[in-house]
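After this come two complexes, each holding chain A, first together with chain B and then together with chain C.
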Partner chain A sequence: MTASMSQCLMQMVQTDYQIADYQSDITPRWCTGCGDNAILTAMQRLCRDEQLPPEKTVCVSGIGCASRLPHYMNAYGFHGIHGRALPIAEGIKIRRPDLSVFVTTGDGDCCSIGAAHWIHAVRYNMNMTMLLHDNNVYGLTKKQASPTSPKGLKSNTTPFGATLNPLNPLSVTLGISNVSFVAQVPDWIPELLYDVLSKAYHHKGFSFIRILQRCPNFMNHHFDAAVQDPLRVRMLTHADGLRLKPELSRIYKNQETHDPLDLNRAQALAMLDEEIPVGVLYSNPHVPCYDELRKGKRPSTPQLVETVLNEEFDKVGIWPEGQQATSNGE
Partner chain B sequence: MQVAQISTDPQGQGSDVFMEEAALTALRPALFARYNALDSLRYDYPLVLIEGEEVEKPLMPLCHIVDEALRLVAPQGPDGEELRQQVLRLEQRMREKVAAGAEEKLSELWRISVSELVTESGQSAFGPLDQNLDRARQTITLDGRVIGCTEATPGKVLAHVWQSMHLARARKFRYKVDRLVLRLNDILKSDHIKSDEAHSPEALSKSMGLDGDNSIDFGVLSNILHRVRPEDRLPADRVARIKHVLQVLQTQAFFGPGRATYSYPDKAVCYSYVFQSCTEALDAYRDRLPSVIEFSKALAIAEMEVENKYVPDLHDGVFANFDESDLTEEQMAFLPPAMIFLRDGVTESSEISRAYEALACGLPIKVMIQVDDILGPTSPEPPRNSFGAGTARLASMAMGINNAFVVQGSSAHMTRMQDAMVRAMHYGGSAMFSIYSGATKTVPGVPAYILAAAATEARLFPNFSYDPSAGPDLASRFDLSANPQMEKDWPEHTLRYEDPTGVRKEEVVSFTYGDFALADTRYHRFCEAIERKSWSGDMVPFEEWLETSGGSDAIKRAYVQGVDRQDALMRVVVDDKIVAAARRCKDAWNRLQELAGINNSYVLAQLAEERRKREALLAELSSDAASPAAVEPAQPVAEAAQPTAEPQAASEEEDSVAAEVMDDMPWIETSRCTTCNECRQINDQLFGYNENMQAFIADPDAGTYRQLVEAAEGCQVSIIHPGKPRNPAEPDLDDLMERAKPFL
Partner chain C sequence: MTEYGMQTSSHDAPPNEERTALRKSPASGPAEVIQEHIVEIVSDSGEGAQRCGQSLASIAARSGHGIWTVEIIPAEIQPPHRSIAGASGNRVRMAAHKVTNVGDKADLVIAFNEQVLLSRLNANEIKPGATILIEEMWKCDKDPAVAENYEKVTAEVRSKGYKLFEIPMQTECQKYVPDPTKGKNMFVLGILCTIYSLDTALAEAQVRLTFAKKDQKIVDANLELLAAGQAWAAENLSVRYMIPAAPVVKPQIVTNGNAALALGVVASGMEVCSMYPITPATSASHYLSTIFEKVGCVVHQAEDEISAATFAIGASYAGKCAVTITSGPGLSLKQEAIGLAVMTEIPLVVIDVQRGGPSTGLPTKVEQGDMMSAMFGSHGDAPKVVMAVDSIEDCFYSVITARKIAETFNMVVVILSDAALSTAQQPFDRPEFNPDWLAPPVNQSAVPEDAHPYDWDERTGIATRFIPGQPNGMHCLTGLAHDRDSHVAYDPQINEEGLLNRSRKLAALQKTLRLAPVYGDEEGDLLLIGWGSTRGAIEEAVKIMRAKGHKVSSLHLKFIQPMAAGIDAVMKRFGKVMTIENNWNDPESDPLIDPSNRRYSHLAMLLRSRWLVDVDCWGNARGQPLKPAEIIEAAMAKLDDKKPTAGGQ
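Right, the complex of A and B next:
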């Protein structure tokens, strides 16, 4: 198809966004060494590489350390209420499908108070990218056990150790109907973080990324075993998934070729106990998207809304004999 | 249903009666005999014009709809037989009504017919028959006008297909324009809320609605809001531009407001795009051109404004000089094309030639030329030619324009041509439809459907389409496949009849131009019916006669098979004028076949040449084989190319080389940096960020060795390597070097 006149004319306006164009005036107030910094950088790199206009990009969050991210992005942002990032993002996306929507949320925000929205957002499969910053703890409120905290974790709310086994966000997401993209990546391998984020961004539908995020203050050394022993990380590679660069391939020798369309294997991988699966566990671009299914035949202009309302009122209207509702509203 | 299946039915009325004397006035082609009771047969008509936007098939024969309903509710076998018979009886009733001139929507026609059948059966409403038929009705989800095959059919069908396309375009148009209007209004609204007017006590009071207890002091509220009001207003020229664009988009007259008619402001009277003459259409095109240009500009500006990509310095000039020559095909295709209905023999001939001029210009017009008389008078009456040499060539002539979409078909084949018609309607450029109605006044007693189908069978009015957008070559563009037995010169059918002794006979006959001419009373003067007792050996079937050298044998006579009013079979000897016209007709058909790749003369010539060469080579080889010296096997001309390219050993440079060099220098595994900022908090001169916001040693002399060691110890992912101290005078070096050891 040939480009339209407006497309040609718009190409006259050259843009060259740099990372600095996505950095807000506010310096990130995350703790020193926090993995959130890596996630922010990966997002800004993606925006630059995709040349996303800041005015066409939206970051939506709930409450928590991770949810501070919209403040640090020079884009539209919505720092929402606890657990409610996804409904807000869905509202934005359905009203403005032209925007690139990112949702940043933490394990407490998503897997506890926001769990219902998380499940239905996966089911709705609207075209957006969700980043679950999973540090296994409530950090903003200075260490309380979250749904993903390991059993036995001593925290302010579990002084004798967390009682329950942790919730597995991957296996939960993979079990929801209409799931279309699930990936896991640690924040300490920036190249992979970027690659997975890029894959998620280009996926049509709801992309769920669980990011294993280090919290140096309240969960210090929690991920050290995986950070220091590359064999604890199982790299999931595939032509349609992650492709490791040679330098990473030399370090991370524990690799498995995994077809992202293989849901059964994805579920088995999500349940791995001793190893951390990293890469795209599941990706199916053919799952229908709610925003496309519900796309109206024509935009709801005030005139159309008024007409439809009047038509409904006319159904129960009482007209003098010999008259009826007319098309011009007389 | 094709005429290809017709044959005289030995059980049909009067088929066993042979007339002693032939009456020319009642002559018809023999193959027509089977269709005497057309209304009792299931075929393409009645045709349902399916309502709705962008329906996949805008035309559907009634019998197909009924068949689908039966498939769903009446299974084959005894269980469904009763319902099947009832529904088929209902279909027959609807068929009779349409034949009698009824033209209703399917739902209404169904309702009326059911009511009649129920009354006739003596059952009450909601009785078993009513309920059975209602079950079948429930499975039919579509609706539309039901039409028969008459002289008005081509116009109704084309108007319907055009309307379907128009509705689909209207939907796309409204979707795009309404979306832009909403978005532009949003931009203006976001600017307006920063204005003094929006913050005035009056505006605030109005936005609040009823304030029953006057508890809000809007004056105070206005003052407070005024102090915090953002100052970043839109430039005045942008606001003016957006307002102008909005005004143009909202007052456009190309499509109506659709469902929002009820309350649409500034409702414009929409343009009509249906014309009965080319002159009217071209005049309207010229009159509307300024508004087309204005609208196309506004649309492009709106698209740029909502993307925030309109730069006055760059774009003002482009739009200031925009005129009709800048209109793109895409912009024109966004607006409705004109539909022009012309009728050969009714419309002035000058209009037809104007239509060709307009088609050649590529204007967005769709022209239908309805042909009611293919053969024409028996002597030329300018501008009408005789013996089928005129109107049947209109579409072929339009193909010469090259960039116009051309569809030719008879009204008997509307269903099979509908895909081409729909594509032609959606085609961005001009399109021409040449449709033969079958309603020729000089052919009495033959239903329009039969005559229309016969015209296609006789190759007088072949079905074809030419789609310039389908590809770069004729093979992609030209489609002749909607014709019966397209590989042959004339389609062949089996004629079944009884001989005078009552024995059933079968004969394969071709349906030719001669058969078609036989139906036309004007051409009877060129025919002579010969009764059976006078048949002689010098009579040659018409199609065989055409294959001879051209009638040089004066003794032989060409004949076609005909039947009279009582379906008595007879041979009709035809004049050389009809033979000559048939040759012209066959020649035109062969030319179309060539375009479709059948018996292509270039290919045949090439094939003959290759065959000749091959035979010559074989002859040469066989003559050589006689000499013993020639039996040596031929040496292979060339060895197969060996796979030479050994994959070059990848020159892999190990990182260790670089690492050795870096031993003494501090360094960072930059690609592993997680941007935690810890090192830069120690010294942002010593540690810098690259373009990906990952750390590297910006200046090794900008900090102390202690800072390097502390940064290495603090780095969460242990990627900082302090190297060796650069300043030997730095205090506590021994201790620092000991601490640095794990990171070297």
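Right, the complex of A and C next:
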């Protein structure tokens, strides 16, 4: 997303937003150790660093643990219905380019009930940032298998183990026409979480971030292998993507220079089996954005409405003898 | 008009053997003056009968006739040629007076083949003794089966006393165009112009308008065909009618219901329409798509109805009220989103152009089957405004009203139209633009420090909503139960506070509503109550019955929820009350049906439960608009205390 003129102006007026300015008066009610906490912190840091006026920031979500995030942000929020965060966000954005729009959603919310909207949101490529909190399970409804649950997961609806292979949100997103930004990052490396979020925010178009999110309540130790073994994480670095600080570089030695414009390599990386790719898989700022394509060519004014209505009335008009059309509406 | 609109022509039916001679005999004598006629033009789809009908209607309207047109729509996009299911065309009711409905049976039919004619005969849409004009080329078709079918149908038609005229459309048109399937319709238009003594200059102007986007050659060819049709009829047909025309005194426009809805959207100041294609609603969005961008606004074709509704909610939330347009199956899908708009108190206009249901039902046909789902379709207590449009003109103004109510009360407003109004055309006074129709600019001023997002006013239930961009207004909307700060709250009192205020808004709106005047006397033996598209037919029926001395009146409801006060007082002044609705009700004649299980029509159910009055109902769900004659029959049965027959007939 790019900062608009009005945002720049606002920044000139007030440039001292602090983290606290983005914290609502409600204390987050996620479980201790829940990855959602880290995501919220990264969001608030981003808003502070970008000095986003809270009234110009809108967080939209569906239903689920992850979708509670807008309540904890001091910004405009829309905690909608299960699976439908994206179309709500699109509606918000279509006539309001001045608003910064973020969407937070869970893997059930996005990849199951909202899957159609996910595909089409990628295709619309509207200017907004989407955070998929992927904990591989349904949290809020107490441990049912989600589309991203690993095969064999014992859950309340799959007591003998999930029978299907999981859906891969990265390769799905990369396969959709007009995809313009895909990244993956775990919740347990706060620096990277912030960096990826920042990259996504600055991307022009629809930015899709899959966040590997720990759910200690229902999926305890699920991501332990990756948390404990840095070599399981493949860092994708590039001048146009992530740049690792030396401290992180020393820990995460499994690195690959990956050009975010290389879609084929991105697909291959998305399909890695044993390792987790982290960083920007794909970023292409040249994909047309639906909100810009559909932007009104002129502002809607009462005069314009009157003129157009009269033109249309003329086309189907009947006049008393002697009177005629005000304009030839053909 | 004679009794029940049963118009009989004084023109004598020719004996069969004389039919050719009659065709050849030039026009004799002056045209017969009639008050109205119903004309049907039917062809295979693609042969242009619809365009012919629309043009005829426009010419008639411009001549100062009252008109009402309806499309005759085949069930499939490309039905087989010469098939009963494939009949496509238009019915035009032309009169010396204002016309408010499709009327009863057709007085004159012009068919491009005998199968499409058969379709109209089978549907019982043609008046006994009506004039039928038919393309005669099939008589000598290479395929003996075709020729045989033609002979069979035409023989039957003659034997039943219809006045049949065979017309060499193909042969005549071939003189002017290489492919007559693309030109017969204008030739037929010419014939009809002659039959109905319509002005040639107006007819020519209409042809120019119809083909305005085509190049001059095509315009000229069609003008030639028009003239050929006129000349052929002048020379070969003796039927001539003259419908007196009232001069047009005020500028008028002629549109169908869906176009009027689209124009209403523009005039209402709404800036976003999000929709998913569904018959019979889509043409409103088609038309809107051609004009909405010109006023800087957008029609968004969403990936499904759920996203269409939620997209509209998002757009409303971020500024001005948005609209979503759909039909029954789409309304069902939108219900969860509608509940969200109710709960968060985001204004939203939902237009439902009803079709036959349940499920995919009758996609192209009319039914008033969605009243209950519009009112109660969302789970939980989800109060919303439901209004019904009752004429083409009303389609236009209702959208403006709906947007205003939605934004004043932060409510969902459902507008119920239906397939009968969607394609029907009628002239009405040209609206004069009023800037008050439009929404004010989006409020971006700072919210007072001590204000809350749900500061419900206990007199009205209304809370001023905060729109993104308004400093100090930050809050998180939620579909969960919430308090005045929009914080999630499951406390029983807080939950009921929200329920009460959302419900209060309906009561507050109700206080502003006025009941429509009774049509006919304020008291009498029988009151018919209707809603939506049936208004014209009901009032015409009442008028005819009153002229014969029956004490019948009618009341037509615009607002279904909330309902204007005073209906009980009106009902009390009549001996009997019966709703007339184009939807299902259980026939009392069915052996299984008794008062303990009879399912009433929607409005009857509502009136009975609210007013404890024994409101009966009559109607049918045959996929056809209700006709004045059927309504008269049902009303007479009610007056005479005979059990009305099931579903009309």
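Everything that follows uses one rule, which is that the second predicted complex is superposed on the first by the 301 of 330 C-alpha atoms of A that agree within 3 Å, B and C clash if a C-alpha of one lies under 4 Å from a C-alpha of the other, contacts with A are read in each partner's own complex, and residues count from 1 in each chain.
Note that in this section a residue touches a chain if its C-beta (ideal position, glycine included) is under 8 Å from a C-beta of that chain, and two chains touch if they have at least 3 such contacts.
Remember, it's a predicted structure, so these values are computed and weren't measured experimentally.
Trainee: Classify the contacts of A:P288 with the two partner chains as first (chain B alone), second (chain C alone), both, or neither.
Mentor: After superposing on A, A:P288 lies clear of both chain B and chain C.
Trainee: Tell me which partner A:G161 touches in the superposition: chain B (first), chain C (second), both or neither.
Mentor: In the superposition, A:G161 touches no partner, neither chain B nor chain C.
Trainee: Scan A:Q44 for contacts with chain B and chain C and give back first, second, both or neither.
Mentor: The first partner, chain B, only.
Trainee: Per the contact definition in the header, classify A:A89: touching chain B only (first), chain C only (second), both, or neither.
Mentor: Touch partner of A:A89: chain C, not chain B.
Trainee: After superposition on the shared chain, which partner residues are touched by A:P299: those of chain B (first), chain C (second), both, or neither?
Mentor: Touch partners of A:P299: chain B and chain C.
Trainee: Please work out whether A:G152 is in contact with chain B alone, chain C alone, both, or neither, and reply first, second, both or neither.
Mentor: neither
Trainee: Figure out whether A:E55 sits in contact with chain B (first) or chain C (second), or with both, or with neither.
Mentor: both
Trainee: Which partner, chain B or chain C, touches the larger number of chain A residues?
Mentor: After superposing on chain A, more of chain A is contacted by C.
Trainee: For chain A, what residues appear in both contact lists, the one with chain B and the one with chain C?
Mentor: Common interface on chain A, chain B vs chain C: 53, 55, 297-299, 301, 304, 306, 308, 310.
Trainee: Chain A touches which residues of chain B in the complex?
Mentor: Touching chain A: residues 171, 174-175, 178-179, 181-182, 257-265, 267, 296, 299-301, 303-304, 307-309, 311, 314-315, 318, 328, 330-331, 655, 671-678, 681, 691-694, 714, 716-717 of chain B.
Trainee: Touching chain A in the complex: which residues of chain C?
Mentor: 61-62, 209, 212, 247-255, 259, 263, 266-267, 269, 271-272, 274, 291, 293-298, 300, 302-304, 306-308, 310-320, 322, 336-337, 340, 344, 427, 430-431, 433, 435, 438, 466, 468-480, 487-488
Trainee: Which residues, counting only chain A, touch chain B once they are in their complex?
Mentor: Touch residues, chain A against chain B: 2, 4-6, 9-10, 12-13, 18-19, 28, 32-35, 37-38, 40-41, 44-45, 53, 55, 187-191, 214, 216, 227, 247, 297-299, 301, 303-304, 306-308, 310-311, 327-329.
Trainee: Where on chain A is chain C touching in the complex?
Mentor: 24, 26, 53-56, 58-60, 63, 70-71, 73-81, 84, 86-96, 98-99, 116-117, 119-120, 294, 296-302, 304-306, 308-310, 312-313, 316-321, 323, 330
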